[in-house]
Structure formats: C-alpha cells, structure tokens
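This is the structure I have questions about; it appears just below.
Letters are used for the chains, namely A, B, C and D, taken in the order the chains are written, and counting of residues starts over at 1 for each.
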C-alpha cells in the first residue's frame, strides 16, 4: 500500500496546513490578509478532500474523507513536521507558507505528469491554486524582507527557525522511492534543486540570508513521528466526530 | 435530581479549575510556585473525584468519576464561568484562585454541617486543603498588590477583569435553593457577606481597590451555558477517552 | 430648509440615487457613515463567533462551507468600508473608532457560540434577520450603499440557506443533535429579534432617516416579518420557539409574540454581554499585532516607488 | 599534590563524607556544581514532557498520579539546587546558565512525548535509568549531594513502578493500546541507553571523578545494568526491544546489545534534537514572564522589613 501511504501524506499536508490557517479566521493583520488566508485554507482543504477520498477508495476499507480526517490518531497522520508548526507571529505563518508553497508548486506541477491518472487529474485541478499561493507568499516575503528593519528581522528569524523543517519533503523513504520507481511521483533531487533555486531567488530579492542548504534537518512526520503540537491540533479538530460517533452532520 | 445537579456543580468547579492549573505544570514564575500550583491542582482533583463519584452513585446509572469527567459535552458541565477562564498572566491565575478559594473556603466550612452525611464527610476531608489554599492565595494577593508598581497594576487589572465572574456562585437558582431548603447547602446571603468581608480585608491590606459589589455579573455556567473557552478545554482533556472508547488505562 | 436641502429632498423623493460627488446635508453624510461603518464592523467582528467553530467543524464539507462563508464576510466588510469611504472617511479612521469602542457593531456577536448547532442558528436566524434588514436597503437613496447591499444580500441568502441546512441535519439527527439544535434556537431566538433595534416607540432619529430613504421600514415591521417567516421554518424542523406567548392571529395574518427583555438588550449594548470584551480585544490584538506588517508593506511600496523614480531620473 | 589535597583524598578513601564547610580542591567543587546543577536542571526541564500529557491523562486517577510525580520533580529540583548552593553558587546563577544554554540538562528531555504510552515509557525506562545512575551516588563523597540523592531515589523508584504500571495496562489493553506501548518503547529505548553517556573509551574526566568518589561506576557498567534489568521486564509485558542484535549471553550472564547511534546522541547534545529549542524556550519564557512576580515578592518583603524596623524605631 505504498500509494495509499503516499496519498495520505499529500492529503494530510494539505489538511493540517489548512487547519492551521483556519485558526486565524478574523485575526489577520489586515482585512485583505484575512480574505487571502481563508482563501488559501479553503483551497488546501479542497485538495485534501480529493487526496483523502482517493486514498480511501484505493484502500477499499470503506473509509471516506471524513473517516480519514477525523478518526485517525496522531501517529497515523503522515504530514511533514513543517505544516503542523504553530502559527507564531505573522512572519512565521507566512514563511511556513512560502516554504511549503514552493515545494508544493513544483510537486503539483510534476504530479500533473504522474503515471497515475487520478493523481494527475487532481494535480491538474490544483495547479492554478498552488500557482497563486506561491505567487502570493513569495511576493509577501519580498515585501516584508525588504520592508522595515523590524519586518526584515521578523522574517529572517522566521526563516532561520523554520529552516530545519524544510528538508523532510526531500528526504525520501521507501514509500517515496516506490512512487518514483513507477513514475507516480517525481524524484527528490529535481524538486530539491527547484526549491533551492526559487527560495534563493526570492530571498535575494527580499534581502534575506538563506540558511545553509546542508543544515541539520528534522524528520519523522511522514512516518507518523510528529512534534508535540499535532496532538492538540487533532484533539480540537476531531472533537465532534469523536464525541458523537456515527452521527450525520 | 437537584442533589445530583448540585454535586456536579461542586465536582465540575474543582475539576475544571484543577485542569486550568495543570496547564501550568513546569511553567510557573518560580520553582516554589510550580510546586504550589501542582499541589493545589492535585487537591482540587482529589475533591472533584469525591464529588463526582458521589454524584454518579446517587444518579444510579452506573456512571463513575471518569464517565462524568470524560464523557459529558460542555453543555452538561455545571461549573461556574470563573473557573474556566484562561490562565492569562500569573496575576490572573492568582486572582482567579483567590476569588475562588475565598468562596470555596466558606462553602466547604458550611458544608461540614450539611444534613447530607456524605457531603459533610467530603467537606471535612477537604477543609484542611481549602484552608491552606485560601491562606496561600490571599497572602500572594497581598504581596503582589503591595509589591511593585507593576505588580500592583497587574493585580488590580486582574481583579477588575475577573470581577464580573464572581457573582455567579451567589446567584442561587432552584437547584441551589432546594439544597438550602433541606439543609444540604448554606444560603447565599451568608456566604456572600463572608466573601465580601474577606476580599475586602485582603484588598485593603494589598492596597487594591475593590470593584463595586453591585457591578453587573455574568452567569450561566451553573446551568450549562458557558464561555467559548470550555469547549477547547474539554476537547483536550477528553481526547483519549473519546478516541479509544471503552479502553482501560 | 435651505434651497440645497430642498432640492436634495426632492431628488430623494423622486427616487434618484445620491452619488458620492453630489451635494448632501452633513447630517445625511454622518448618519450614513455611522450606519454603513457599523454594518462593516459587524461583518468583521462577525467572523469571530464562526471562526470559533471552523477548526472544529464536524465534516470537511461543512468546514469548507463555513470557511467560504467567513471569507464572504470579510468581503462584505471590504465593500462596506469602500462604500463608507466614498463619504470622505478612511477605513483606518473607521477601524480606530471600532477599536476605541466609540463605534458599534451588531450586539448579536457579543453572544458566545457554544456548539456546532450555533453555526446553523446563526445562518438561519442571524443572517435571516440581517437579510430582512438589508433587502430594503438595496433600494436606499445612497447609490454606493445601495449597490453594496445588492451584492451583500445575494451572498447572505446563501448563508441563511446553509444555516438552515445545518439545522435540518441536526433536527433529523440523533437525540443529542436535536437537543443541540433546540438549545441553539433557545439561545439565539431573542437576541435575533433584538437585532432589529428598539421598538418604534423608543426609536430615535427614525423619522429623519425614513425621510432620507436610508430607513425604509420601522424596526417593529421588520421584526414582525422575521417572526412570520421563521415560525413555520421552526415548525418544519420540529423545534420549539422559546416563547410561551407566541400564537397565530388569523385576523391579522401575523404571529403575536412575547415581550422582549429590553434590559438584556441594553446591558449587552452597554458592554455587559458575555463576549463584548473578548470580541473587541481579539480585533484590537489582531490590529496591533499586524502593525509591523502593514508598516512594512507601506515601506516596501515607498522604496519601490523611489527606485522606479530613480531609474527614470537616471534614464 | 599539595598536603591539603593529600589529606582530602585520604578522607575520601576512608569513606568520610566531605561537608560544605570542609576544604576541597577547586576542581572537585566545580565538577560537583556542574554535575548537581545539571541534575537539578534535568528535574526542572523534565516536568515539561510530562506536563504535555497531564491535561490529557486518560483517567482522573492517572492524572492525579502524574501530577504528583511532576510535583516530586519540582521538589527534587529544589533539593538539588540547595545541595549545589552549599558549594557557593546561587540558584539564580545556575538558572542563568541553564537559560543561556551554557549549562546542560539531560538530553532525553529533548525528545517529544507523543502518546499517553510515553508517560509509561518515561517512568519505566527514563526514571529506571536515572535510578541506576543515582543509587551509587547515594554513597558519593559529598555529604549534601549524597543526602539529596537518598531522598530523590526513594521517590524515583515509585515513579518507575508507576510507569511500569501504565505500560502494563496498555500491554494488556486493546490492540491500539498495545501498539501505543510498543511504539513508545521503540522511541524511548535507545535514548534511555544514551542517558548513561558516551562509552567508557570516549568518556573524559572519568578517572578523576572516580578517584573523588563522585562517579562510582563506569557509563558502560551502568548501561549494562539497565539492559539486564529491563529486557526481562519488556518480555513480561510482551513487548519487543527494538534491537535485532539483542541476545542473552549465558556465559557472561548479561545481555549483549547492538551499537548505539552516537551520531544521534551528539546531534541532540549539540541542540538538534526534536525539542531542544522548545524546551529551553518554555523555561526561559516562564522565567521572563515571572520576573515581575519575583521582583514584587522581594519588594514586598523589603517594605515589610522596613515597616517592622520603623515600628521598632518608633517604639
């Protein structure tokens, strides 16, 4: 079930990041940001639903998107550590988004060529959204990095602190490699180079210093070993489904 | 089932306040405070267990302390709004405790004379603890109120902000009145006067200004209409029992 | 009445829309700014009680619908601030008035959302009442406001339907779900009726606003419309309106209903609602935490403009 | 070796306890301060991974036991800081060194607690290892440290039993619970073995500490003791130690075990563990947020002392 595991990773990344963003509803630093954040949260949620639905069908045990989202405990979630990190200040929220969006854009682009037709279709449907996400978060990183002294400092700090969570997506394990072998997923090296090039371009424009590419990187999320943050996120998200088992909403 | 309802209120107050305090484990402003906070949390938890166990037995539906603590949703919790308020800064934590402890001390003292033998016994067992709690929190209010300018300001602000949650315990409804009528619980007027006198004494010593006794007071917790905070507290607290129904721990 | 005022009133009476560039009495301008900005603030603050359940929505589909609704509300805030800006006041000034507590927002948002059913009740009752209030305003005398209302009403009617749909699922659901729905109706019914404001006898400034066509029906008329529309919907859901005095009057063709607790209304208005302090604080905190962000965007734009100008000068 | 040093060593060799007022070599004092304060810091930081589950403990009884354990840890911190203070350093200085990152605490607390089973595994394995480390220290040469260790060990053995009891409930529980227990063992096994420090070949300063009787057994000896004690306990639980090389050697009467990943050990020590940053930040934040509180207590005490003095002067 490597493909099932791979789909869970895709779905969980989108679901958990969407959940983090939706914590900010009505609390953004400007009305336009409120709208944009909710919009990105909504896009990612839509993508999560497509990935999880497909994962459930492939598994063939009758689990739909809600069963997968609401009835798994933390160790069964397969998102990377980056997306479960708390919102922090808005520079953290944005930098987490920019690091994710950059990888996501190149990944989704490559997945449109996946040998799995359904994956290619979902990627095709998501491409316009992730293109917009990347443009938005890159643009904001440039404006904040090259804004005031304060915004530069906040943005640089956010980049430095989140950096150690950026390597996990390129750290392929047997699941990822199996998907590469059958042409379902793109190889890590290609994505990583694209990611580094784009981050480097944007950081250059933003007058930010890029942390070293060979820095120590955290891992474990894809295998279900998360940070302490995920359990709280799930306890909140899953409450109603857990408290009222079997109810229709 | 007025007595059942009354016991739930006693149990839920202790349980929810204990839960709030336990959020601070290892995060107090000094090692001695860490120990004291954990100690108070532990005392209140012990009391909650006795009240809830008795409530469950009285109800006779087979619900034990854990069923009552972990398998009720927010609208079935009957604690007052005061105890579910977030910890805030440490002045808030302490002021919430002092307001609660003052009421709790006089209440528990009166309950040792309850016509319900079991209630009187539980009160008797708790009296030493609540006496210590009151001495501790009153003492700290005095030291912070009459400490530095900053500590005075923080303490006064905390008092002003929490004040509107202090009236609910004296706002008796039919459940409370039924308990007074049969000598199970003490009347409100007596408790309120004791409470006002003690708070006034401590505030005097602390050089704090006591908000007006006739200020607008919030209510609803005792009837299950809570603030938005309680749902989150319960989602976290109840996660394991909800996620693994029927398991033994 | 001056000649200008007479001509202004004639245009209004003739159903001509007033536009931003047109002359208008200062009191008309002020009343509109107050009314539109209060509406805009309500959209913004109104994101919070729903935001409180978005992270706990019970299915991904419901979460998605709720997110979209909250996004619409931010959008409504934007249109409405823009409409107010045509009257010569900036969004920042309006927000400053909100944050200082000087400007009001709808008191209904000072009640807490305590269960998922509240997402249904808010859509059904609160958005329902809002629409009844706003539909006449699509025909109000001030052009930018009237056009904003047309856009807003279209989306609001969606929201009200989605809210009713949540109530329907709960009312048809398990006994716990039905109890949740009834509890939400119990808590939101009276505050929703209060949304229409004091009874006509108590209502100040109504006459002038009516003459200016920025108030087209009286508070009590609109409130009656809400009751008449909602009671059968509640019956269809199998839920009970929490009003023992409610009864159908076959002669008038309207429902009669009980006395509203105006003491509660005024207490909440005065700041004593369960959530007044938290709602305002959340908004103020968002604003203050975001200051460095907004300043950075301005600084970047200025640098950028400066660079462009330099490039031109060098060329 | 000076005459003083010679006499000092003779007393140690004779099993006489060194007390605070006694002469001691500066290096002995420094080594002890480092060792005791590192232990104290570990107790304090060690509250956090357990605090992470106290709000989610699955029964009120388990919550109560866990709270009591965390309270004990704060208490151990207190005894140990007091023991360190007898060597002429203040608690505030020691905490400053912790907060600046200069002083260390046990690396094991840089791993996250990811499920309730981790509360069992920490008690069983981490407290179990701590006891093996600490029991010999009850006989160490420095009196205040030795006495603190006696108190600590008594309570730790409780904690280890309670941890094993949690593991037992899970191992006898549902398949999910058993999986939870196995997963916790998988994650905590190797870090627990690393708690004994580098292998003897790599260990610096050991000889001197051994001579001073503040280190009574080598790291590898203690580690072997832990493995020998724990493997049968895991078998009794029906859990598998995550080490394919683990096997019983009937000749030596010990378990042989696989190679420890020292690269991971050094990475965590260097600050790259999953939680290094968060643990330290949480403590620093608590300390900084509490500054006004600590200052107020001092200010109040000074005023009070002042008043007393004034009263006396007036009398």
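Going forward, contacts are C-beta pairs under 8 Å (C-beta built on N, C-alpha and C of every residue); 3 or more make two chains touch, one makes a residue touch a chain.
What you are looking at is a predicted structure, and each value in this text was computed from that prediction instead of being measured.
> Hey, how far is the Cα centre of subunit C from the one of subunit D, in Å?
Each chain's C-alpha centroid was found; their separation is 57 Å.
> If you average the CA atoms of subunit B and of subunit C, how many Å lie between those two points?
37
> Centroid from C-alpha atoms only, then distance subunit A to subunit B, rounded to Å. What do you get?
Centres of subunit A and subunit B (C-alpha means) sit 42 Å apart.
> Please output the residue numbers of subunit A that touch at least 2 other chains, ranges allowed.
73, 231, 235-236, 239
> Can you list the subunit D residues in contact with two or more other chains?
Touching at least two other chains: 56, 176.
> How would one label the connectivity among the chains shown: line, ring, star, complete, or other?
Drawn as a graph, the chains match no named shape, so other.
> What's the complete list of touching chain pairs for this entry?
Chain-chain contacts present: A-B, A-C, A-D, B-C, B-D.
> Quick one: in the complex, what on subunit D touches subunit B?
So the residues of subunit D touching subunit B come out as 44-45, 47-48, 50-51, 54-64, 67-68, 70-71, 74-75, 77-78, 81, 91, 116, 166, 169-170, 172-174, 176-177, 282-283, 285-287, 289-297, 299-301, 303.
> Which bits of subunit B are touching subunit D when the two form their complex?
By the definition above, subunit B touches subunit D via 15, 19, 22-23, 25-35, 38-39, 41-42, 45-46, 48-49, 52, 65-66, 69-70, 89-90, 142-144, 146-148, 150-151, 154, 236-237, 239-241, 244, 246-249.
> Within their complex, state which residues of subunit C touch subunit B.
Going by the criterion above, the answer is residues 52, 56, 112-115, 176, 180, 183, 187, 267, 272, 274-275, 277-278.
> Residues of subunit A touching subunit B in their complex?
Within the complex, subunit A contacts subunit B at residues 73, 231-232, 234-236, 238-239, 242-243, 245.
> For subunit B, which residues count as touching subunit C in their complex?
Within the complex, subunit B contacts subunit C at residues 73-75, 161, 164, 216, 218, 220, 225-228, 231, 235.
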